[in-house]
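See below for the structure under consideration.
Lettered A, B, C, D and E in written order, each chain numbered from 1.
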Amino acid sequence: MRTTFRTQAMAITKRDLMRERRSGEVLWVTLPFGAIALLLIPIAIGTDRPTLRAIGIGLFWVIVMLFGVLIAVRQAHTETQAQRDVVALAGIDPAAGYVGRALASFFLLIGFEAVLAVVTVALYDVPLDGWIWMPLVMVLVGAGLSLLGTLAASIVSTGRSASALVPLLVAPLSVPLLIGATQTFEALRLGRSSLTWTLMMTIVVLLLAIAGVLSARTLQESG
Amino acid sequence: MRTTFRTQAMAITKRDLMRERRSGEVLWVTLPFGAIALLLIPIAIGTDRPTLRAIGIGLFWVIVMLFGVLIAVRQAHTETQAQRDVVALAGIDPAAGYVGRALASFFLLIGFEAVLAVVTVALYDVPLDGWIWMPLVMVLVGAGLSLLGTLAASIVSTGRSASALVPLLVAPLSVPLLIGATQTFEALRLGRSSLTWTLMMTIVVLLLAIAGVLSARTLQESG
Amino acid sequence: MVENGTIVSLQDISVRAGATHILRNVILNVQPGEAVGVFGANGAGKTTLLRLLATLLKPASGSGVVLGADLNNDERYEVRHRIGYIGHVPGLYPEMTLDENLSFIATAMGIDGAAVASSLAAVGLAGAADRRAEVCSHGMQRRAEFARILMAQPEFLLLDEPHSALDGSAVDLVDDLVRQTIEAGGAAVLVSHDRSRVDDLATFSVEIAGGTLS
Amino acid sequence: MVENGTIVSLQDISVRAGATHILRNVILNVQPGEAVGVFGANGAGKTTLLRLLATLLKPASGSGVVLGADLNNDERYEVRHRIGYIGHVPGLYPEMTLDENLSFIATAMGIDGAAVASSLAAVGLAGAADRRAEVCSHGMQRRAEFARILMAQPEFLLLDEPHSALDGSAVDLVDDLVRQTIEAGGAAVLVSHDRSRVDDLATFSVEIAGGTLS
Amino acid sequence: MTTLERNPSSVWPWIVMAVAGLVTFVAAMSVSPDAVQGQLSRIMYVHVPSAWLAYLSFGVTMFASAMYLWKRDLAWDRRAHSSAEIGVFFTGLAISLGMIWGKSTWGVWWTWDARLTLTAIMFFVYLGYLALRRTTDDLDARAKRAAVMGVLAVIQVPLVHFSVIWWQTLHQPPSIIKPEGPDMDPSMVVTLLISVLSFTVMYAAMMYKRIDLARIEDAVLIAEQTNTGPAAGEAVVAPDLSGGS
């Protein structure tokens, strides 16, 4: 290797963040849509204050989950075959590419989560117990979703009919993340330990990281 | 005119539906995501049966609204400058293009709504009173969202940083649709007339159709 | 086929991208029966000129008339179907077959459906009509663009490096197309880096440098 | 720069797309210092051959070695950085400037950042380094691709219609690049429809027809 | 483009604004404070006319946008732009004052309420309108896109106004905002009318100033765009074939 794995992954991350900064796709489309979703839900389901308080945090995680995956999958559509060829022939390790892309999505997702969290607190008046755990859970969810979405995106970009697999991949894997995130706070509310849940999320994240790195080469081949 | 407005619009509709059938974007990505969203919500907010029954239909409309707009806006990303040039130089009336694209989105949305409605009934055990109004409301919402999304997409495609506009344009116009849809059933439940709401939705749909047709030429120019 | 009259008349036209000029004070007249060669370095503004003539770009200043339509107002929409433009990048829908791509245009332009097969055959793609555009080679896609032009029979051709990507047997297509169009009283503007090839075809040539024609 | 040994050795290689063959029983050997011209009709499989040699496609059957790496297994990932490929379509990121595009590749390949500016200057794009790729003309984008190759200094060049889209002053770039590479002990494969231009450069030429080389 | 001979530095609009503000203040202070809400009820005489001005401004923006689309005269675009900017200012004022009022009457700065939410959306929609105008320097393209949005966005206005009615059908606990009943004190009605009227006059004066400014901004843009720097193509030169590599 002429460069390190780390340099290559960082180059990819930087590229993705730069492209996002120029196109503003996440900042200007996905993020406002997520915020609007939080705004529209009370209008649609009737605005009973206690109910909203109760479901606010759950809705927050659902929105994060849905739009988070969309953010991470978006890459599949923004890269052309010619661009992929250039990256491949620059000798970039597919695994470094996977890590780099996931990292860029991770940063975007953390930003997304942070903004939506503020919106949720403002609109739903959710109880703030256990907020100290929030950063950890947000990081775990962000990492899980970005790894998951990046994996899904590389499947999509290998060939067209494969995209049917994406929901099948995303649905079962995002459920443990979602359960982990909501149950952490549920456990805290009930005064129980939330360690099991955080542990489960960590395992999912690690699993996704390993799966992504190991399958990177296989998935890189153009179909 | 060498061809009629209708022929041109139908050609565009047929093209869009054919492209969707081949790429399966809506069928395999957006639709499953919408269904997953409905699945995740009870997991996230805790599965209290009466609450779910009460909010089910509202959530259905929110999901339809969010993903519906994404379906309709998707066009902005799937057409290249070269393709737009070819369409323009075929002498296709921009207004016919608008109507044709909106019509294609409308068909996709109706399918999307139908599938999600079934999922909602299955998962949330929602009360089915007034279901006879459902087709009408679904058609109105489908029409409104497709017109709205198509309009937003054509504004976006005229300039790059304009994508900031999509949510801002979509939000105010989708709110009356959302309120109309939910209030129609609320009114029925309370035994009141839902005519005002249907009327309001019809007005919004007409407004969007007129606005889209009238602004089609103006928006066609490349920025 | 063409009413008698000037096909292009540009007066002092400028085209801008943001604050910088791409074209400045361009003057150009093209009469029926003429084929114009346009030369110039990479980035000089040749494609910009073609897109301007195709009514796809509006001038920043100056006045221009193409096929009788003023470039500065909505008249230009009425003449678009009489213009045939081939750019650098093929404008096919990748998921649709070549046949479907052309049929779409035929329906939209009110052209008889039989013309699709005959024009694909004319460019040697009859056997690939049912192939999706995305699996067609670059040259095949370019040929399909020529098939579209043959089908629509425009009076005014705007061809951006028309000979590139075409194999030896297909390059003559371009020359034939141009000759037939100008003989029928139409006109053509050809952008190319290959002077010798275009000089044979062109009635006169212009060169773009520093944003202006000469 | 190159270890002594064959650069390409394809034995009975076939490439398939679904059920149809694109290439069949291809045999090709390229030694250091050789430049190969590849000709053939549109859709014959020239681009497919180049992508196969670039390790971007896997053969359906047969065995092949490029720069010492077997095309059928993971060795091919190790030689990719030594291959320079320019395809039909530029692989730049449209939102990024030319400078940013090249800097990204430089970082990923471990090339000194100063090489970015000097190779952009070498292709005449120093003045446009800060322009986003999407606002660069087609020829400028192609030039930027050549700048990438100049920067990476690959041993094995794969050029798909390299002369197209380049203006008169820039076409010599191609010839210079190919000569320098083969003089340094590398090799090149050039796809073109312009026989006269490639014949000057090529050590030998092959023709693709019916999916096979001859 | 209209080139009305107006003096952009005229001071009378400032005087009109000051007088209108003074009238509102005097009117608001002269009425006796509300029995329940005390001195803070005086906020109403600014809160309500601000909301009214927001409606008026966005209505004018819609009208001027439609006129632009019809006439293609940039003067209408400048009117639409100016009015939207003033409208955003007064929407912000109505929200801020409402929040202060709400803190004292409801005990919270913000609550889940249709009118509050929709007013906030309206605020952002028109901020978006202003942001859209920054996406291009091409005066005509900018005017066209803005005009389309300027027309469509106005739907937000009746939405905000009627939201109170919708709210009640959403069976809300009565703790949430309720417009006061029909039994308002006549002196309050008169004072409210006076403040609405003087705010409207203030709006006219502000429009006058803002349109003058918009004309200057457009002129600056046009001047910038008629520069005679090198053409875009001159950045590309012949390759340096002798050069290393």
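The rule we apply is simple: a residue touches a chain if its C-beta (ideal position, glycine included) is under 8 Å from a C-beta of that chain, and two chains touch if they have at least 3 such contacts.
Please read all numbers here as calculations on a predicted model, not as lab measurements.
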Fewest touching-chain hops separating chain C from chain E: 1
Set of chains adjacent to chain C and to chain D: E
Maximum centroid distance from chain B, chain identifier (CA atoms): D
Most distant chain from chain A, judged by the mean position of its C-alpha atoms: C
Highest-count interface - the chain pair sharing the most C-beta contacts: A-B
Distance from chain E to chain A - Cα centre to Cα centre, in angstrom: 37
Whole-Å gap separating chain B and chain D, where each centre is the average of the chain's CA atoms: 45
Mean-CA-position distance for chain E and chain B (Å): 29
Mean-CA-position distance for chain E and chain D (Å): 58
Chain E: positions in contact with at least two other chains: 121, 138, 170, 234-236, 238
Junction residues of chain C - those touching two or more other chains: 17, 40-44, 58, 89
Two or more partner chains touched - positions in chain A: 23, 39, 43, 46
Touch relationships between chains, expressed as pairs: A-B, A-D, A-E, B-C, B-E, C-D, C-E, D-E
In the complex, chain E residues that touch chain A: 110, 112-114, 117, 121, 170-173
Residues of chain D that touch chain C when the two form their complex: 17, 40-44, 46-47, 88-89, 124, 128, 135-140, 142-143, 161, 164-171, 193, 195
Residues of chain E touching chain D in the complex: 234-241, 243-245
Chain E - residues contacting chain B, complex: 69, 118, 121-122, 124-125, 127-129, 131-132, 135-136, 138, 141, 144-145, 147-149, 151-153, 155-156, 159, 166, 169-170
Interface residues, chain D side, partner chain E - complex: 118-119, 121-128, 131, 137, 140, 143, 150-151, 153, 169-170, 172-173, 176, 180
